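Common to both upcoming complexes is subunit A, partnered first by subunit B, then by subunit C.
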Partner chain A sequence: MKPKNIIEKIWDQHVVLSEEGKPDLLYIDLHLIHEVTSPQAFEGLRVKGRKVRKPQNTFATMDHNIPTKNRYQLEDEVAKKQIRALERNCHEFGIELAGLDSEDQGIVHVIGPELGLTLPGKTIVCGDSHTSTHGAFGALAFGIGTSEVEHVLATQTLWQHKPKTLKVEVNGELKYGVTAKDVILYIIGKYGVDFGTGYVIEYAGDCIRNMSMDERMTICNMSIEFGARAGLVAPDETTFEYVKGRKYAPKGEAFSQSVAYWKSLNSDEGAEYDQTIVIQGEDIAPMVTWGTNPGMVVPVDESVPSLSQAKDEKERTSFKRAYEYMGLNPGEKIDHVSVDYVFIGSCTNSRLSDLRNAAEVIKDKHVHPSVTAIVVPGSQSVKRQAEKEGLHEIFIKAGFEWRDSGCSMCLSMNNDVVPSGKRCVSTSNRNFEGRQGKGARTHLVSPAMAASAALYGHFVDIRKIKISSFTS
Partner chain B sequence: MRKKIAVLPGDGIGKEVIQGAIDVLQTVGRYYHHEFEFQYGAIGGEAIDQFESPLPKETIDLCRQSDAVLLGAVGGPKWDRNEAHLRPEKGLLAIRKELDLFANLRPVQSYSSLQETSPFKGDHLEGVDFLIVRELTGGLYFGKPSERLRDNGEEAVVDTLFYKRKEMERIIDTAFQLAKKRNKKVTSVDKANVLQSSKLWRDVAEEVATKYPDVELEHMLVDNAAMQLIAKPQQFDVIVTENMFGDILSDEAAMLSGSLGMLPSASLSSNGLHLYEPAHGSAPDIAGKQIANPIAMTLSAAMMLRNSYQLDEEAGAIEKAVKHVLEAGKRTKDLTYLNRFVRTNEMVEEIKEALADDFAILNIMEAYA
Partner chain C sequence: MQPFQSVTSKVAVLNRANVDTDQIIPKQFLKRIERTGYGKFAFFDWRYFEDGSPNPNFELNYEKYKGAEILLAGPNFGCGSSREHAPWALADYGFKVIMAPSFADIFHQNCLKNGLLPIRMKDENMKQLLKKALGNDYECTVDLEGQRVYDKDGFEFSFEVDPHWKEMLLHGRDEIAFTLLYEEKIKSYEKERVVF
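Then we have the complex of A and B:
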């Protein structure tokens, strides 16, 4: 038996049909849906007279379009329509929905793990790019388009070409002030946004092994920004501990049996990968994106790169365009760049540990008068737990707005929009032109970096700030 | 991008459908960050009423100052009994001559969702996707003499099919260039067994073909072509033909798309200022009732994005939105036998919503590879 890596193992365990020259047909264990990419898919089912094949393997929530304040006063017509559609569709097709008034509601990639729906060894899909987040649990999770959503609803399967495998080994330790967010930004910056194209990534190495589930989720979340289809971390005790006792996780005897199976998923000794890259944790500094894709990123103590640092003509053109759009000059020092908005949220960094990290930085201090800052917890559950710990008071006292959960300013589909020309420091995963609003300028950072930027009104090297019990 | 577009609504349903197309363009402009500046001009019956000319100088000037022209439709019973030079249709022929719009493009596609209202059985239309390239400034519609006369004291009339060789060369060359980017097959339609003009047309086609070795050329007599369009429409990729032949065949081909209300067209000029109009006319019998199908005009606007501005993605977004709306079962009166149909402005709203949905999904699913 040829040694297999975890990706191959999960893939082979889920193939329904495999023919030469054609994509494989994969069984899908968990299908997560939300209000934006599902209406057309359900309409397609309706028009063709089909049912959802496995409603019990499907779970829905509302996150992209919903307001984060005054949620029940939905003003946007499109949002209203999509939310009604999802309610109607879930009711009609028998799918469980964590809707606006549910205590389980939240960003789809936050609640999946919270509710114990996300489990090791599962194939998980969702009509959203950052589905790769669930890979943190040793699941094979990827984003799918609307027509594929329809296909999965109807058949609980998906046609997929078997991907190549890439091992990203992160060894060593992270220094003070450096977080999982910085690790993934560093990797994308070093190798570029196309490097992972065609691959599914296994993140390994002791640095990854030492990370909490929240940190692993941050890393896996941005696999797509590296060009990869999906990214995962092999499950271990940290994973089992997190999963244990969750609402939809196996319990008792079933849990122990599951753990035994989950342990077998680890990549075999001698398993091969199509490519491997190795990173040293110590090389990584707190990162800030300066441009219009996540690969345009530098350490906070450095400067906006000059044209001569671009690797070819194509990159030179995109640098020029990015300088103009972002209103930055080559050579400009990052920590001199002043900011207007700060957004702590998104499926990348909005979990309890992220909020705790940010709260540590701002405790007993106040947001800079020129900054508008908001915190959007990843789920209502995160919000409740944060409030139990009094984190919301810390944020509110410091001048942050404390909101209800949703995707919010990550992509500004709701009314949390950054005005044109304004600079927003965001803990999310994409800094494309117009992502947070037409003409809005986005900088991606970790929660602690976002919090410190809010205090000072410009980027700050948090390694230079003494934070009493800062743990990454 | 910032673009100036001349808008000539014209008569009848032209006004209704062009408003819809402008709404859709503005929606696309919002999502894709383009600024479209629309300026209105009069043409056809409306222009005769206002300016005593079916194509006033003001309108021509407006077009020349713009990047592209959107035209609704011209004609109506009110002007039917005018003298020739004061007929709305003259405005159409005049603008084609003024702007030297020599190539009329009519794409024909079958929509599987419109299958039930198609006059064809079952999957007869599966895979239909071709382009009719019709010569627009010469041929039978423009040849002189075109008049009534007395022949030995007897009443007679004459029309003329006239072409200069270079007029044939340029339209056939356009067809080959388009075929090169499609499925590399040109069907040249003529009546070479009878007409002298067709005999030369065929010779020219053969010569032009030698410049495009990877494109296949076949000749077809127009009467056979009329049959083939019904018998086996999938065989065509690009059809190129004379003005009148093209006029007839493209209306016939419109039935393959489900309705004349579905068919857009582009008229290409030799100097880059192109005109886009639906294949249908002003439909005076349904004008003002808000039942006209806005899709032909909207898809013409999409053709403008593609052919005048190279905004392929934006054009594709409109085409995809139309497809989605049809797949979701929305129909205007011309597309259904049932009493369940939406009004013109409702169809436009549906298309705008589909654009919004698709754009939102694009935002969520955007990736690199």
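Then we have the complex of A and C:
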């Protein structure tokens, strides 16, 4: 039999129907929903008198537009309507909801794994492009639009063309101060924001293998910024260890059986991919985005690129727009750029290890007087654990605001908005124009880099700061 | 979904690379619970000044592109968020066809679900059409059945479209109703598979 890679294996196991002239009809194991991209889908069901086919395979939370301070005071009437609609829809259609008052609430891509809903070998969808995050567990997980949300609710399936496969092999070791965030930013910078279009990625290589689940989630999370709807890492002992004992994960005998099955998902020896790229971990430095897409990124000790470094006319035009929007000049040294806001949070970097890394940098120090800094834990569970370790005290003492969980300043749908013209260092995933507020200027970095920028009021090469150790 | 057969229209040009869905429909408009009425918010931050007046330098505000139902865009159009509000906004604005050298995967899929035809352009066709559309009073026709684009000057090219989605678009089919025709298949899949 022809050797298969993990993407092909999961795909083949979920094909309900494969007919000439049609995409495959793919079965969906887990459907995560949130308040922003689901109301129209439920309305569609209601209009046609349809039901949710598998409420037990569906799980909801609210994260995008909720306040991160005074979380029960929903001042935004439009957002409130959306939140109430989700509550009503979940109630009416019998879907479990981790609402604002739930101890399980959090960013959908943080709580899926935490609760053990995210498991190897599953097909997972959500009306959110960062659903790729769940790929870290060896699941085939991708973002969908609202029509597809409705389709999955009604049929538990999706019509999908079998994707091309891309192997991204990261070998070697990361140098001191270099994190998973830097790895994925480096890859996107090197190959471009649309390189992964049409592909599902398998991240492999010993560097990935040595990463914790949190780190793997950071990598898979930004597959979409690389153009790929999904990216995954084959499950291993690190995965099983993480999953074991989680609320909805299989228990006892069922767990052992699952592990045996999960192990069989690994790509076969000699499995082929449509394309393979190889990265060396040692080549990667702490990265900072300078422009208005995640591919506009440079190592912290370098400068904003000049027009002559653009590869074609189109990129020159993009560079010019980006210089203007970002208020930067070509050739300007990155570590000279001063910053106004620091946001540590989002489905990319808001997990316990991210907060530990940031806390280690700022411990016994203070945020620069010109900087407003906030920490938004990825879930209420992350928040509780961080508080148990006393991380919140380190942040608060250093001058950070310590908030409740939510998407917050990653997309600024709630009140956490960066004012026009202000510069925000962010551990999130998108630096698009207006992403954090109209006219706001976003720089994407790792949590440690964000923490150091908060202290100094400008970017600092984290490799020059001595910290006992980075935890993961 | 409205059936799509053909359209003859002006071609508006937005020749920028990597136009993301945050630009197509900024997040402040995602809090609504309706599917309609997003057209007035399309490209909001580019289209209007702070005081609400139209920005005359934004391409879609050019007089010559008023009423265009075809949009000619740059590569990787629709990258970023999965928000279907982006095709909702473009369709509500009046577009029926988006042509670009490449599209982000989720956006491409979302267009097809909303009767908005995305056409991937080959370099040579892109170059020629761009030149024409940047001029004045240019119109062309997009014929989905025949899978071709042509104008009155004899310029013509064919385009590829997935046969399944072509069928769905031509007839404006309800996709869920279509899938439910396979209900028995889904049931037997659910019955036979081992769940871990």
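The rule is simple: the second predicted complex is superposed on the first by the 470 of 472 C-alpha atoms of A that agree within 3 Å, B and C clash if a C-alpha of one lies under 4 Å from a C-alpha of the other, contacts with A are read in each partner's own complex, and residues count from 1 in each chain.
Keep in mind that, in the parts below, a contact is a pair of C-beta atoms (placed from the backbone, for glycine too) under 8 Å apart; a residue touches a chain by one contact, two chains touch by 3 or more.
Quantities reported herein were computed from a predicted structural model and do not represent experimental measurements.
A.B. asks: On subunit A, do subunit B and subunit C fit together or clash when superposed?
C.D. replies: Clash.
A.B. asks: When the two structures are overlaid on chain A, which partner does A:Glu43 contact: first (subunit B), second (subunit C), both, or neither?
C.D. replies: Touch partners of A:Glu43: subunit B and subunit C.
A.B. asks: Applying the document's definition of touch, where does A:Pro286 land relative to subunit B and subunit C: first, second, both, or neither?
C.D. replies: Neither subunit B nor subunit C is touched by A:Pro286.
A.B. asks: Pick one for A:Gly135: touches subunit B only (first), subunit C only (second), both, or neither.
C.D. replies: A:Gly135: touches no partner chain.
A.B. asks: Based on the superposed arrangement, let me know which partner A:Gln257 touches: subunit B (first), subunit C (second), both, or neither?
C.D. replies: Only subunit C is touched by A:Gln257; subunit B is not.
A.B. asks: Regarding the shared-chain residue A:Pro299, is it in contact with subunit B (first), subunit C (second), both, or neither?
C.D. replies: Neither partner.
A.B. asks: Look at the residues of subunit A and decide whether subunit B or subunit C touches more of them.
C.D. replies: Touched residues of subunit A are more numerous for C.
A.B. asks: On the A-aligned overlay, A:Leu411 touches which partner chain: subunit B = first, subunit C = second, or both, or neither?
C.D. replies: The answer is both, since A:Leu411 touches subunit B and subunit C.
A.B. asks: Just to be sure I read the superposition right, which of the two partners does A:Gly112 touch: subunit B = first, subunit C = second, or both, or neither?
C.D. replies: It touches nothing on subunit B or subunit C.
A.B. asks: Looking at A:Glu315, would you say it contacts subunit B, subunit C, both, or neither? Reply first, second, both or neither.
C.D. replies: Second partner only.
A.B. asks: Subunit B has the stretches 273-281, 309-317 or 327-335; which one runs into subunit C?
C.D. replies: That would be 309-317, the only stretch with clashing C-alpha atoms.
A.B. asks: Residue by residue on subunit A, keep only those touching subunit B in one complex and subunit C in the other, then list them.
C.D. replies: 36-37, 39-40, 43, 64-65, 78, 81-82, 127-129, 143, 145-146, 193-194, 197-198, 224, 227, 293, 411, 413, 430, 432, 434-435, 438
A.B. asks: Where on subunit A is subunit C touching in the complex?
C.D. replies: 13, 16-17, 21-23, 25, 27, 36-37, 39-40, 43, 48, 50, 64-65, 76, 78-79, 81-82, 85, 119, 121, 127-129, 131, 142-148, 150-151, 154-157, 159, 161, 193-194, 197-198, 224, 227-229, 250, 254, 257-258, 261-262, 293, 314-315, 317-318, 321, 411-413, 430, 432-435, 438
A.B. asks: Could you pull out which subunit B residues touch subunit A in their complex?
C.D. replies: 33, 324, 327-329, 353, 356-357, 360-361, 363-369
A.B. asks: Tell me, which parts of subunit A touch subunit B in their complex?
C.D. replies: The contact residues of subunit A facing subunit B are 36-37, 39-40, 43-44, 47, 64-65, 78, 81-82, 127-129, 143, 145-146, 193-194, 197-198, 224-225, 227, 293, 411, 413, 430, 432, 434-435, 438.
A.B. asks: Spell out the part of subunit C that touches subunit A in their complex, as residue ranges.
C.D. replies: Listed in rising order, the residues are 16-18, 20, 22-23, 26-28, 30-35, 45, 74-76, 79-84, 87, 102-106, 109-110, 113-114, 162-164, 174-176, 179-180, 182, 185-186, 189-190, 193, 196.
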